[in-house]
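Once you've had a glance at the structure underneath, I'll fire off some questions.
Order of writing sets the labels: A, B, C, D, E and F. Residues in every chain begin at 1.
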Amino acid sequence: MEIPSGVLAFLRRALEEDIGPGDITTDLLIPAEHTSRAHYLAKSDFVLAGIPFVKEVFRLLDPSLSFRSFFKEGESIQKGDIIAEVSGKTSGILTGERVSLNLLQRLSGISTLTRIYRDRIQGCAARIVDTRKTTPGLRFMEKYAVKTGGGSNHRFGLFDGVLIKDNHIGAAGGIREAVFLAKKAHHLMKIEIEVQTVQELQEAIEAGADIVMLDNMSVAEMKVSVTTAHGRVLLEASGGVTLENVRAIAETGVDFISVGALTHSAPAVDISLKIRDKV
Amino acid sequence: MEIPSGVLAFLRRALEEDIGPGDITTDLLIPAEHTSRAHYLAKSDFVLAGIPFVKEVFRLLDPSLSFRSFFKEGESIQKGDIIAEVSGKTSGILTGERVSLNLLQRLSGISTLTRIYRDRIQGCAARIVDTRKTTPGLRFMEKYAVKTGGGSNHRFGLFDGVLIKDNHIGAAGGIREAVFLAKKAHHLMKIEIEVQTVQELQEAIEAGADIVMLDNMSVAEMKVSVTTAHGRVLLEASGGVTLENVRAIAETGVDFISVGALTHSAPAVDISLKIRDKV
Amino acid sequence: MEIPSGVLAFLRRALEEDIGPGDITTDLLIPAEHTSRAHYLAKSDFVLAGIPFVKEVFRLLDPSLSFRSFFKEGESIQKGDIIAEVSGKTSGILTGERVSLNLLQRLSGISTLTRIYRDRIQGCAARIVDTRKTTPGLRFMEKYAVKTGGGSNHRFGLFDGVLIKDNHIGAAGGIREAVFLAKKAHHLMKIEIEVQTVQELQEAIEAGADIVMLDNMSVAEMKVSVTTAHGRVLLEASGGVTLENVRAIAETGVDFISVGALTHSAPAVDISLKIRDKV
Amino acid sequence: MEIPSGVLAFLRRALEEDIGPGDITTDLLIPAEHTSRAHYLAKSDFVLAGIPFVKEVFRLLDPSLSFRSFFKEGESIQKGDIIAEVSGKTSGILTGERVSLNLLQRLSGISTLTRIYRDRIQGCAARIVDTRKTTPGLRFMEKYAVKTGGGSNHRFGLFDGVLIKDNHIGAAGGIREAVFLAKKAHHLMKIEIEVQTVQELQEAIEAGADIVMLDNMSVAEMKVSVTTAHGRVLLEASGGVTLENVRAIAETGVDFISVGALTHSAPAVDISLKIRDKV
Amino acid sequence: MEIPSGVLAFLRRALEEDIGPGDITTDLLIPAEHTSRAHYLAKSDFVLAGIPFVKEVFRLLDPSLSFRSFFKEGESIQKGDIIAEVSGKTSGILTGERVSLNLLQRLSGISTLTRIYRDRIQGCAARIVDTRKTTPGLRFMEKYAVKTGGGSNHRFGLFDGVLIKDNHIGAAGGIREAVFLAKKAHHLMKIEIEVQTVQELQEAIEAGADIVMLDNMSVAEMKVSVTTAHGRVLLEASGGVTLENVRAIAETGVDFISVGALTHSAPAVDISLKIRDKV
Amino acid sequence: MEIPSGVLAFLRRALEEDIGPGDITTDLLIPAEHTSRAHYLAKSDFVLAGIPFVKEVFRLLDPSLSFRSFFKEGESIQKGDIIAEVSGKTSGILTGERVSLNLLQRLSGISTLTRIYRDRIQGCAARIVDTRKTTPGLRFMEKYAVKTGGGSNHRFGLFDGVLIKDNHIGAAGGIREAVFLAKKAHHLMKIEIEVQTVQELQEAIEAGADIVMLDNMSVAEMKVSVTTAHGRVLLEASGGVTLENVRAIAETGVDFISVGALTHSAPAVDISLKIRDKV
């Protein structure tokens, strides 16, 4: 994975947000030549995600800092593990500490929750996918964390996938008409459409949709939908998915289960930065 | 509150992130002249925060859209309430839907969690304050949500408050030396210092600190600290604060209780946007 | 079509590029209060494209200028037609003249060439599609001009479509392996792959590709390809397409014909701006 | 030539335009550690221009890539020549391929057309100069390509040269008045004015103009103009210049011949990038 | 004068610099709906410059504020004059106060010093011109203030004028060679060259320079230079110009006198903002 | 001191402002491979400030240039001293010359004036502090120069300190009310308030203000104020401070003396860059 330039700009601004005209405590109290080695220490169990961005944070702040990780992205971390090390000028380490932790704790929170969902449906063919319910500005990193946790990505934004919702259907005059127009205009893309009933699913299949999103259906309805579809379209379960019902949903035979909570409600994991000896 | 220009730029980029070169579904299926009225509908109980930013999102997207809120920031919302309304071109409403919801759900989640903490310590003098453990890029909005929920703000970043931590103390050669240097250089600011023991608190008070952060102290130690300080400094409890122990902490008599979870682990509240009739 | 914010920023920079610290001739010689009406005059026949961007150029320069077009996008313009009118402060009109003309002449050049290609294959089912061979920075506008001229758009960039080329195939270990990996990772997207021979086409179809690009095939090979595919995949002819051979290619029965020249080699059409009377 | 920071920013955005949130095909199929050597191969004859910008594109994308050119800017390239080589990580090469080719083909197209015009007037004193009819955003690079092809540059924008056109003359109250005002205000710059007739040329000379642009004059009128000017001003022929009439124009004795087509209508030359062996 | 977009961006950043995440005093103490009328009051005599930029500052901050000036740019202001008025929301007025005053005091300082220099040489033909010794980032505004005070502008930057200095001469191999090369390459621009002696002036004239800068010459040498030039080139006196010697320099007959102090050392004039009654 | 990213962006734009599309004289006359060594030469006595920014200017322009200073920031420079040296490509040195000098002369001017003020009050306890009367865009650098000269910094902007002025007091309903509100909302900050009379000072002290600004008081009033305060608050003298009265003010016993002239009216010091031999 290359880090897109838009993400680099985001990280630069995140540092500016925290540092502004200067870290007045560190500038005053930490001598410019003072150096340290600091460790990222796990204070809970989790799935690691975000190291490449943290590395970039320190490179942007001070290219002379040296950063290395002792774990791979997606690895399971145990409470007490030393995850990574940054060494060099103490002032740079202290100034970048908070931004790096804020990122790492949040992204690892997302990958951890994704892993839990994925493990819950082990043995089923369905995949856990994310949504566009991400934190504004962090979509690339959050979707990366979902992948790292073992989930799959849905479309990135409004521009790289056609997803026809009820308002689009209404304006187009019906499922048939909407799918027809979309297939004509976006012949190089799969066409996904949202339906509420098995009847609408039937219409969508006949209209030639590639993927159908089953919006807020009960598990029973989903089962009928899978039978109805009979492999002619991909089916995505969406709405009201929880850790409690995700396995039942997966067992209906749907292809994808989209979970907004992966990105909008994953609690941060607990990590701290400990400055060790001078280096 | 004026929305700082940095936040406006953030909102503009959040829209770009989602829309990129265009909302290909809406551009295709929603006629340019089609208009609607849409409602933000509460699907759970929560404390509202973020309306001014949502309003700005639509203004940036299409100044001809009209947005109004039926509740005030900080008000308690009940499941089923219609919170706000946006009307005008359907294409603009659909294109801004996701960014506006992502913001509103997240910020209301923060204000809701803050309110719960605050209510838990009702009758105590202590205040709930936030930390720098915010989502990168969203600090202004997240700290605003904390205030809206009834909490108070700690310093915004590294630049608008002196907070001397253990590494600073180590480099300066001790609590006394660090506080002395800070008071001399930043005579117009209060000086806050982090301590681990009552002994260190004693030293900090003698050195002339204004505020002392009690780092990860037990409730018993906090009590001793309050007695020791005897009003000569402000005391801030920090580390390991939960809904379970927050009241006991408040009852020790500390002045502030800082809670990182307010911003790093508040789950999003549930809100949906319903397009109503044409307007 | 909404103009994406990235395009607005582009137009702003285009004005800055031309105006820099000021239009020193106009600032000196045209009184601030002087007003005019100016006409965009066609000096050759062409297909109009770009009016919405020109309108935006003047709005960015001076919102008090008034701009209206007498033709619709995609309409055929005859030499001598008055295409559009801008009126208001003469200084603003003169300062925006060159940027507006440079855009309109280029985009109309692209839509005109696209229309010629499209007319050449009239009656065939194939569509003319564009490529990523666009002018750096102008992709949105140039792809818009292709659509306006009657062509269709291929993927916007590297991010919104999977297109497996020979180097990808080599690294993946073969057509089968590459398509398999892509289908697994990008289950929500169609998978397109480039082939050189009918044998490779056969492999791609069996691997489950959705679209196959026939790279630099002769018309005879294309015919065999169409027979081989037998509707199981969409076929895109690519490479060496000219106005001379485009009809023969279309008659083979391929679904798409991609033409790089639409955007990289369309000559500008001839338009001038005539300042009329004072207003 | 130093590449101005504005051009670097342009190149960065050109990469963003193409790559967006990521090259999804390459990220998936090309292993991160895979390396290659790739050659830019000429598929037609042309005059080379743009290598410094292509070099910069790869440096911006991945500083570990190594780029070298086998030809100098302005050299004549024969079909079949290997022009340049880029080597390093295959993913970086593939991701930068299209932007680098789009630039190189366009700029070489401009320098090639300029060279053809220049060769057409060999032996004459006149120079071929460009205009402001450049692609928005690419002016620096396109004017560079004109110079590389053997042409000369006219003013860069509205800010670095005084060019008085008919509307300026009208507002100022006549040629005399306009030139007088301009000489007074811009005493450190040469003053150029546009005229339609020999009579106006006479006026402009008397008013003290330094350069006179002969707008859309016939070859016969230009001859009279050269005689009339008798070396007192520089003369620029402008409007309707083609490869057919450029020599006749040059032979009238004018000093400059400005040709908009150099930048607005030069077809791209044909270059391809061939990935060779692993390195 | 149109305000270039670069200057608008500068003003936006100037406001961000002062306001950052918010005016914490005003946000707290001034009710959102509180309105006022405020007057810019002259506390010394000076020449007014900068009103258009101040107007823009308030427009950027809050478009609902209303601003009007009671004096024209370049007018002489007496101590005690009310210069301008801004009215509307008190919070906006207080938040923009400092940036607006900082600009107005600085620019009026420059125009005032320029006017003093200009008045000192009344009756002489020479003009006072500025230099590139401006405050980084403020060049457009500072050169505008020089013009407003009655001075003339030298080139804006390194890009809109050729000025050959001793290092250029050294590298080129002599005055003759340098001027020759410059005239050949920049045939549409006047060529200025810096000389130290009358001998060098002679060479520059023979080489065909248009303007000669007399660098740090004594008044006596300048007189000889004027005689030597005899109108064949424009002469610019440069270096060591003060209010004491400027008249003597002007009386030598040089055409321009460049004064770095106009922009690098003009003291700010004294202006204050007085909030009047509610409106 | 770390240079904030906002300042780096400022320096980049300052170079763009001067260089624009290119240094046309240097690009033409200085061969690309030509190298030099250049010296910054003091032409007057002053206190040095700004070297770190100058170093950054050259690093941004051309990282291959090598820059070193022979003096430390804050050192007293004598006329004739060689301050610093830059060596490498002559073209880079000449292109960066003006921006680097403009910065160094301005910042050294500020540190020099600050030193003079500070020396004037030697032996007194008071400190010289700056104000927000800085050049828009240069606040960080100018406040740095004040510190370098021996002064202290007041708040950076409107966001990092509470300063209650008369308009705030008016809106809040009195000194007592304003201080009370501020202490409640900004408990982690010191509260400063501006007063005009000793009576108001008394009120401010009783209300619990931390710092009181004595606005335009006479020296006699200041003495009474010091007696009145009796160490309960810090006192800042503000308004009408000059080199003539600063000592008398300091001797009253106030804690701070704020001087706007440090940043708004310090004349630039005189420094020139001399290109030496080739290197």
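The definition used in the following text is that a contact is a pair of C-beta atoms (placed from the backbone, for glycine too) under 8 Å apart; a residue touches a chain by one contact, two chains touch by 3 or more.
As the structure is a prediction and not an experimental result, all values here were calculated from the model.
Peer 1: If I average the CA coordinates per chain, which chain comes out farthest from chain B?
Peer 2: D
Peer 1: Which of C-E, A-C or E-F has the same interface as B-C, meaning more than half of the contact pairs match by residue number?
Peer 2: C-E
Peer 1: Look at the interfaces A-F and C-D and say which one is made up of more C-beta pairs in contact.
Peer 2: C-D
Peer 1: Provide the C-alpha centroid distance between chain A and chain D, rounded to the nearest whole angstrom.
Peer 2: Those two chain centres are 45 Å apart.
Peer 1: Rounded to the nearest whole Å, what is the centre-to-centre distance of chain D and chain E, using the mean of the C-alpha atoms as each centre?
Peer 2: About 33 Å separates the centre of chain D from that of chain E.
Peer 1: Please compute the C-alpha centroid of chain A, do the same for chain B, then give the distance between them in whole Å.
Peer 2: The computed centroid separation for chain A versus chain B comes out at 22 Å.
Peer 1: Mind pulling the chain D residues that touch 2 or more other chains?
Peer 2: In chain D, residues 6, 19-23, 95, 139, 156-157, 159-161, 185 touch at least two other chains, as defined above.
Peer 1: Show me the residue ranges of chain E that touch chain F in the complex, using the header's touch definition.
Peer 2: Answer in residue numbers: 6, 10-11, 13-14, 17-26, 28-31, 34, 36, 90, 94-95, 98-99, 101-103, 105-106, 109, 132-139, 156-165, 167-168, 171-172, 178, 181-182, 185-186, 261, 264-265, 267-268, 275.
Peer 1: So in the complex, which bits of chain C are touching chain B?
Peer 2: These residues of chain C touch chain B: 1-2, 4-6, 139-140, 156.
Peer 1: What residues on chain C touch chain A, complex-wise?
Peer 2: 127, 152, 154-156, 159-161, 185, 187-190, 192, 211, 234, 255-256
Peer 1: Across the complex, what residues on chain B touch chain C?
Peer 2: Within the complex, chain B contacts chain C at residues 12, 15-16, 19-23, 27, 62, 91-92, 95.
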